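In order of appearance the chains are A, B and C, and numbering begins at 1 in each one.
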Amino acid sequence: MTTYTPPTATAEETAERDAARVGGLPPRAERGSPWWLYAVLGVGLLVMSLPFVWMVVSSIKPEAEVRRVPPTWLPETVTTENYQTLLDRLSFPTYFVNSTVVAVVVMLGNLVFCSMLGYALAKLDFRGKKVVFALVLGTLMVPGIAVIVPLFVLVTNLGLANTFPGLFLPYLVTPIGVFLMRQYFLGLPDELISAARVDGAGEFRIFWNVMLPLTGPALATLALLTFLASWNNFLWPVVVAQTEDRYTLPVALALYSVGQNATQYGVLLAGAVVVVLPVIAVFLAVQRYFVQGIAMTGIK
Amino acid sequence: MATVSTTPAPVAARRGTTPLRRSQARTAWLLALPFLLLFAIFTIGPVLASLVMSFTDMRSTDLRTPFAVDPAGVSNYVDLFGDPLFRKVAVNTAIFVLVGVPLTMVLALAAAVGLNQITRVRSFFRLGYYLPVITSIVAVAVVWRFLLQPDTGPINQVLGLVGIDGPDWLGSTTLALPTLIVMTAWRNLGYLMVIFLAGLQTVPREMLEAAEVDGAGRWQRFRYVTVPVMRPTLLFGAVITSIGYLQFFEEPFVMTNGGPLDATRSMAMYVYDQFGFGNYGIASAASYVLFVAIAALTFVLFRALRSTD
Amino acid sequence: MKTTTRTLALLAAAALLVSACGRDEDGDADDAAQAESVAEGPAEGTIEVWAMGAEGENLDVLGAAFTEENPDATVEVTPVPWEGAHDKIATAIAAGETPDVSLIGTTWMGEFAKTGGLDPTPEDLVNPDDFFPGPWESTVVEDTSYGVPWYVETRALYYRTDLAEQAGLEPPTNWDELKSFAQGLQEQGGAQYGIYLQPGQQGAWQTFMPFAWQNGAQLTDGDQYAIDSPETVEALEFYTSFFEEGLSQNTPLDPGALEQGFVDGTIGSFISGPWHVGLVRDVGGPEIDDKFDVVPLPGKDSGVGTSFVGGGNLAVFDASDNRDAAWKFVQFASQPETQQLWYETINDLPSVQSAWEGGPLTDDPLVAVFGEQLQETEAPPAVPTWEQVAASIDSDIERAVRGQVEPTEAVANMQQQAESIGTGL
């Protein structure tokens, strides 16, 4: 961090730059984002989005056409039957609410608790810090399936089987969140903290009012990662939900599309499209935070 | 602000117990408390139980009487390394990580830097690169299988135009694993791209401007300004990608089911199968072999990417 | 560091203690094999049932019919996805958080019965002779039955009638004819492959073992594995010859490709279960109906050859708080009329033989073929380790098909692997 130079720009200069600025790059670079960059990124975009496009388009094909080998691209017959089946069979609102409640609680829990511990591990000095970090990092490495039986026995004994807390409590804090936040805080200059201490701010206030507001991009990333992980989580909700009214969307979709010997691909894809929409919404919401730089002027 | 750089950094206060240090420690533990409480109950407990399991001969038929199982010492671990299939999946997984992690890192970093520079339809582009992460694996499998079809697939047809007789990518015992590595990199780079985009925002623009004033080109600015500042983020990315790839599962599961002839079977598939077979002792032991591998790799990454100060 | 270690040890102890408390109530697994009979009179109270997939989705139909006969009883169904169902039942048994009744895949019976989590079938509840023998055997673990067969499925030969006609072929009635049938469909019929036999990968044993059974081979003899026999080797030689002669593709087909290839006429025939009738019709539309037929597997020399039988059983958990009513529901589900109702509801084939006589099951000629095939079936042994043994057989089949090992060596390896895995009993 010795390479860091405190900013010397005046407020007007900063404001002017902010208006023209993108990400962490200087003005000249973005004035002419070169055409070839768009071309290269455009080709990449095509490669990246092909299966997604097929998924969306195929969700309005009849089952027989979805199964066609080789696959068709534009639908020969357009049908809403897959979506109709979903609506007829699934208590959609219930599953949607369950998934949303669990994913939002998990996301909020991770944002709050992981940034707290992440800050402590990155910027505060205390005994046992290394041990705590090693422990957290260590459990990040245990494959999830290895703990599912003991975890369910535990949750049942706490009386939480088939409850919302049973669904979200085990994921309320995740090692990956702490790791992410710690790494991001490490990248922020220590001088900000020292300056705030000189100004007489308490340790907690420094965390909450000075440092946390600078972690927009990391919090956005963490929100996206934890929301997505919870939203797609399958095995745990299957195990812990004992009645249908506690099922989440992926569980309900698997129930109606994957049989003992055959899969209904049309319904599966329509379900996948429905499931992905909220994730896209979250992505678009959080990606706006990937343009904040470090707002130095905020610590005065 | 001018005094900032001369004020001792918090690290300097480490020796001895000063009031500052005490208040830091108090705050740290208060901040850590809620996390550690939940973590102790819902993570450490089950993890330890599974660790204990790995030293017993527990099977799923002992589920109701877990205390009747016999301690097996390290015999599960010995048996594992005696199993030729386990050795095979360990090698597959190692190749996968050693090739896949750098490949994904480079692609994701390139994508993030590129996407961070453009101004028009930025959200559209960013979302596009993120799509593979959120596309149903079923659709991913259908389209990739189509692309990779030996006779009629577009990839081999393009190769045919330049006179190359395209192989059966997924049916060949030598090519199936590399093919899945590329596919997995494709599928995960959006995830990493998001993390790197966030990391790029920590690069102070003043430093980039100063470098530009000093005459540094694009590449030099990237190499000497962006990369050093992003080091913690790069470390995070490398570690979580390694952990994810050591537990590589979905792609071989849907594309090849571990075949042909176990050429794409991974450690995670082995663990999954053993749990499915009800061999909880062996499966837990295999999980902890995986754990040690991940821990070792993480240690190496921490060494390699640790900050220079 | 010292304090940290101690904290860890305490936590470990606590975790184990908590799990111990949960299990104490459930009693011991070893004294489970005594089957109590069920009280007389109509069922009462709530019966919680788990069932997978389409069975779970439609089980309310049977629930309503049951309540009609037993007005004081209600059936509460929780549909469970097939994916994850095994883990869900296993964790539920571990935590003592089971329903009263559950659908159990036939190959899971050995494992779950051995946990002590299933209640033995009451002696006088049903008559074992009413069921097809293979499915009944799948409920019997170490001489005690732990459930009742609910529905069954078996494998038969699908073929394209138009291609066979073009080649002047009648459906095969023995192994030699099966071979020349595949050759004819390919050479004169114009199919790219005369037949599709699964060349390895998960479940390949279900296509291969019928050939071994048709040749008189057995998987077990008493409580010993008896896979390695000249009969199994001969069957594997026959099986692999289809690949060597280019009559079957030697790489596994992608999902959906089998139906598509069959409808396109590139695959002349294949062996599969009743669900493929619907899949073929989905892809081929109404035109395909008079272009394909299903016949029982040919025996080695003559007659109907042995096929694989699978399906689902209904079992009652020993932790059930409404055991008698639960068994009464299971009994109800296995009555011929209920089985016919269930066939009409979701086309599940009855496990009870008399349900096939008259009624809806005689209406569809393709269904009648599966009924005929069900007379000649074998089920895998109901041992807890079966899935693992099966997986190793699958991989030996793949190696033999790809010519990596000789059939003799592959079969010897199946035996050796099975012995080292054990039965788990």
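Here is the rule we go by: a contact is a pair of C-beta atoms (placed from the backbone, for glycine too) under 8 Å apart; a residue touches a chain by one contact, two chains touch by 3 or more.
Just so it is clear, the structure is predicted and the values come from calculations on it, not from any experiment.
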item	value
From subunit B, the most remote chain by mean C-alpha position	C
Comparison of A-C and A-B (more C-beta pairs in contact)	A-B
Rounded Å distance between subunit B and subunit C, as computed from the means of their C-alpha atoms	37
Rounded Å distance, subunit A centre to subunit B centre (Cα mean)	15
Interchain centroid distance [CA atoms averaged], subunit A/subunit C, Å	40
Where subunit B touches two or more other chains at once, by residue number	44-46, 49, 63, 275
Two or more partner chains touched - positions in subunit A	149-150, 154, 265
Residues of subunit C whose C-beta touches two or more other chains	15, 18-19, 23, 87, 90, 94, 96, 254
Subunit C - residues contacting subunit B, complex	8, 11-12, 14-16, 18-20, 23, 26, 28-29, 86-87, 90, 93-94, 96, 111, 114-117, 200-202, 251-252, 254, 384-385, 387-388, 391, 395, 398-399, 402, 404, 424
In the complex, subunit C residues that touch subunit A	1, 4, 15, 18-19, 21-23, 52-54, 56-57, 76, 78-85, 87-88, 90-92, 94-97, 99, 105, 153, 254-257, 259-261, 273, 275, 278-279, 282-283, 285, 312
Partner subunit B, residues of subunit A touching it in the complex	1-7, 9, 17, 21-30, 33, 37-38, 40-41, 44-45, 47-52, 54-55, 58, 70-71, 109, 112-114, 116-117, 119-120, 123-127, 129, 132, 135-143, 145-147, 149-151, 154, 169-170, 172-173, 175-176, 178-180, 183-184, 186-188, 190-191, 193-195, 197-198, 202-204, 207, 216-218, 220-221, 224-225, 228, 265, 268-269, 272, 276, 279-280, 283-284, 287-294, 296
Touching residues (chain side subunit B, partner subunit C) in the complex	40, 44-46, 48-49, 52, 59-67, 145, 168, 171, 257, 259-262, 273, 275-279
Interfacial residue positions of subunit B with respect to subunit A in the complex	1-5, 7-11, 13-14, 20-21, 23-32, 34-36, 38-39, 41-47, 49-50, 53, 63, 111, 114-120, 123, 125-136, 138-140, 142-144, 146, 149, 152, 186, 190-191, 194-195, 197-210, 212, 218, 226, 228-233, 235-236, 239-240, 243, 247, 268, 271-272, 275, 280, 283-284, 287-288, 290-291, 294-295, 298, 307, 309
